[in-house]
């Protein structure tokens, strides 16, 4: 156990030994094991965007085995996916990579102003599949958020009671926010705070912009001169908003982009004190060798082996 | 156990022995037993369309015994029906054909823009009736889909815990889609993916057209040159979308049609790598002898005994 | 046990001995015991229409004892009523007539386009009151029907598990239907089918008219020349739609009418192969002696003792 | 046990001994003990109308002890109140007066066209506080009535299983009725019938007017010459509608009024065969000595000690 | 145990020993221990208003440890916060200050006319974190209030059964009220009454204005000359409305203000017989030393050590 991992676990004092063990399993696994940084492979786009849009650019990715192998070979800290994709390999790859079962999902066959998600798996499924944790998405800003919080509470309580880590995707969306507001700095910080207040162990947010969405927030940010100019500044503010760095906070990679753009974002996350990234489309929509190379560089940046 | 059946079961590694046993019972039963192909007889039209519309063309079909005898005599892999129809013969025909209890249904006495189904049976009913599996319909594209997914999750978990196979009818409908979009290739592939991600063992979809419904999908299909010209091409894409062939994917037969049309579709399903058909109205709306003859030819095509 | 009662019970093969026993208790009780025909006394109009409208025409009927005595003295196969009315005599008249607890009800203090009912009793209440079965109303055609089916499923499963018979009042109503459509022949047949598919043991529908409500049904009825001209024809079609006569199907008596009209309807039900009648208002809104005389003639018709 | 109390209890034959015991406790308690008549003190106006409107006219009434003492000193048969008010004295006054826990309430901080109530206490609370029964309000005529009936069913079943008496406040309100219709004679009779059919042991309604609300009822009342001219006539009709006098039916006292008006109403209730009154605002909004005097006269009228 | 604390506990006679113990723990803890007065530190603004708006004015407050230390060092009677903030220090500061877990919360990323809250923690969480009580917010005046009351009932019953104190934040809001009405004297008194009737042990309301919101209340307040001119008068009326002083009633501090304004309000609460204050933003949005000084003066006023 490295001092940094011990320090991170101290932020979860009072949680049961099962939870601490599973957090340690992720922090100590793979290329970044022991550094306190994490890169997680998430593959829920088949459900969220459809199989064609997700996997046609790299056909082997239709196969659930492909992603297990990618996560293992790239040395990711964990692999997160919905029930079907984990069922499609958990037995074959048992013990080779920490698994996170994503417990809710939505398809995009209907676009609602106020999006919701359906629970598609359970804590019991996660235990049966040998997972270290469960994932759950909330949409702060949606009219459905209250119900999403209620369900998260129930799931988080059950997960913790069974020693599983609780990972929350906190993605502001819905009629309470402008499109620009979904990634606004005040909203991203708020999203991280909500997940932390609800008891999340690991929080995933999108990299924020310098836009401030809420009038009441604009006044406070301005008056108190909160630094939000660079992405590193903004990452720092969101980390602070997740209990002053006492919660593992990672950033999503977003749609497939140029390597340089991806790496630039990673450097800003590192500079701002973020705990790492969760990189899906930029992993599986590239040819396998390109993806492995990109992920290696990302990990080198987080590990401090390269600039 | 033939190598092909073993190979199919390998796709379900990690599922409990009860589930594997019941999948094997279907794959090894009837005329197509051991081939890895399936023809299932489904009779839920009495509930879905009404008794007159369904059975007046062939009066003996009002009687629940008729369908048990048809499934047995035709050598189908399984017979699927709602609670009442299975209650109406499960004891008399015990052990003669694998049964699937269809757990939700809707009548057509009211047409909604966003259709829903009601749960009309339970996993306990299926066990009490000696079934090998349970069936459940989802309507991706309907405003009720989230609630349908939630209920499916609960039912699938209970079914699997009791060793039953989970069969999902994934029928895109509702205000999220155009009429043409209900059978669009991107939507059909998406429907198969959703069912697979939710943990279905057997997935039933409608044969897709070459229409692409969603703008975001059109761009990807075009750019990546996904072949969708022939029905066989499209079947292949949907099979790929059901975890690259690791899930049993069968196609519905649709309304009663000419024998040649039915058989043409079956050939395309075979050529595209589909696992088989589920043929209702084309079975029971013909005189019994005609139906037996048609089903025999369908099975011969799947078994490779005829072109 | 007469051969006809044995034959009827065979239609319920696979149901547990408790259910078969309670069905036999009704079939073997009273004047029509052993004939395979049934006349049931139902009194839920106090709840459904109000006490003044129901009982002012025959004041003794305000008293719950009155109806127990009527059912017993007339030799009905069973007496069906809501919780309060059964509570008001089940102990005093214990063992004298089979009881059916009507588990849901609606008042008419508010008229909705899409009517619903509230559950007002339970299977446990039925057991505690010594009943042989429970009753439940569905409104196919109402926007609430899906929820009504879901509740029926739960209640039917619980009732059967406790050995009680499940009686379903299948009354098409609501915005999916025209007023005329509520008693259309295609709709009545559909209503009987839905109840049968949901696992009802005894089904109660209204006598159908020759109107065909649904366009899709009109085509099929015409093309297949389904006979629906006389009431006897229509009764025959509905009996057929209830699993070809394998389910006990009885017809409601409707509002108080002339004796001759009531008896004419009963003859048509007999001729069409119906299993009997459920006669409420035509029993308790007449003076007691008139009611007993009318019921005696009805039973004579069903028993074949008179034309 | 007086013959009249025995006679009343006979109306509840079949209920368990706990229920009969608790009904007897109320019927045998206080000034009217053994007469078969009841005067109950209800104090839920703090919740229903607010503390200022309820208690400012008589400041000692802000204190929960005040009402226990009033009920005891006036010799009421029972004291009914919400959870907080009973918590505020049940231990101090244990065993001195039968208590009824009112299980649902609504505040008047928002006026809805279709009013509802919230469940604010439980059967377990009632048992823990030493109550003899629980109270529940329904609003026949409101769009929420179906849900209220469903909840009442659950509560009544639980209460009876634990030997508690079920008291139902049946107060027609909501968009199904005109303002005048809320106290119409047909509606009041209907309200009493619904409560009785749902299994209530004690029913509380408002004194009805001679207005007839529903067209269908008007015809029947007229044709059958139902006497509704005097309040005593109308009380008699409502008593008849509550299972011909087999259910304890009491009338609410309404807003604070002149002594003479209150007493006139009580005489009519007595003359019509009502079982008594439930008198809240006319008790606690007067100075204590005036209230005690008024209640004594009310009880004398019911007991036949004065005209 | 001081006589005053004993007197306060007497108001809760009949509650179990666990509840009395936990109420005593708060009343006997910290600077005001034994005086019968309380100052509670609440920090839920991170969830309710967002982290930037709440903590940017005093950056150390982003850290959950900061608030534990503030509550301990200031000698508050208790510290109240949502799940995440208590998880962030309950183990490290175990036994140093009584904790109240706030069980529901709402964010301000969407503004609804009728606000609601989501349950974000449980009684089990409170027990696991070593809390003395749980907190719950209701919004009388909101269309969601009925559902909030129902949930409060369930939570309060569970909390009390486990020996925890029930603290209710009763904050009138929603479409039933004007903006001014949210703090009107009649509404504040009503809010206190509702919480008391629902069984709250400790009630938190906002300091009321002299505005009277409801017409029906205006008449009664005027006619009965209820004194509401000064804040002390109004505090006295609200205390009276909380069962005549038998319930611990405390007042919220509101947004950060000048020291003099805060202290003026505290003096009025003291003069009107209020039990104390719950002071959040006026604690943690000042530099630590300023906050400690202000809280010391507040406590001196309540303790009678200063004017």
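Note that the chains are named A, B, C, D and E in the order they appear, and that numbering of residues resets to 1 at the start of each chain.
Quick note on the criterion: a residue touches a chain if its C-beta (ideal position, glycine included) is under 8 Å from a C-beta of that chain, and two chains touch if they have at least 3 such contacts.
Please read these numbers as outputs of a predicted model, since none were measured by experiment.
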Number of steps on the shortest touching-chain route linking subunit A and subunit E: 1
Angle of rotation relating subunit C to subunit E [CA atoms, steps of 5 degrees]: 145
Intercentroid distance (Cα basis), subunit E paired with subunit B, Å: 58
Rounded Å distance, subunit C centre to subunit D centre (Cα mean): 36
Centre-to-centre distance between subunit D and subunit B (centres being mean Cα positions), rounded to whole Å: 58
Numbers and ranges of subunit A residues touching at least 2 other chains: none
Traversal of the chain ring from subunit A via subunit E: A, E, D, C, B
Interface residues, subunit C side, partner subunit B - complex: 11, 13-15, 140-143, 145-147, 149-150, 153, 157, 172, 174-177, 186-187, 189-190, 192-194, 196-200, 214, 216-217, 220-221, 223-224, 226, 237, 240-241, 243-244, 246
In the complex with subunit A, residue positions of subunit E that touch it: 46-47, 49-53, 56-57, 59, 62-64, 82-85, 87-88, 90-92, 105-111, 116-122, 124-125, 129
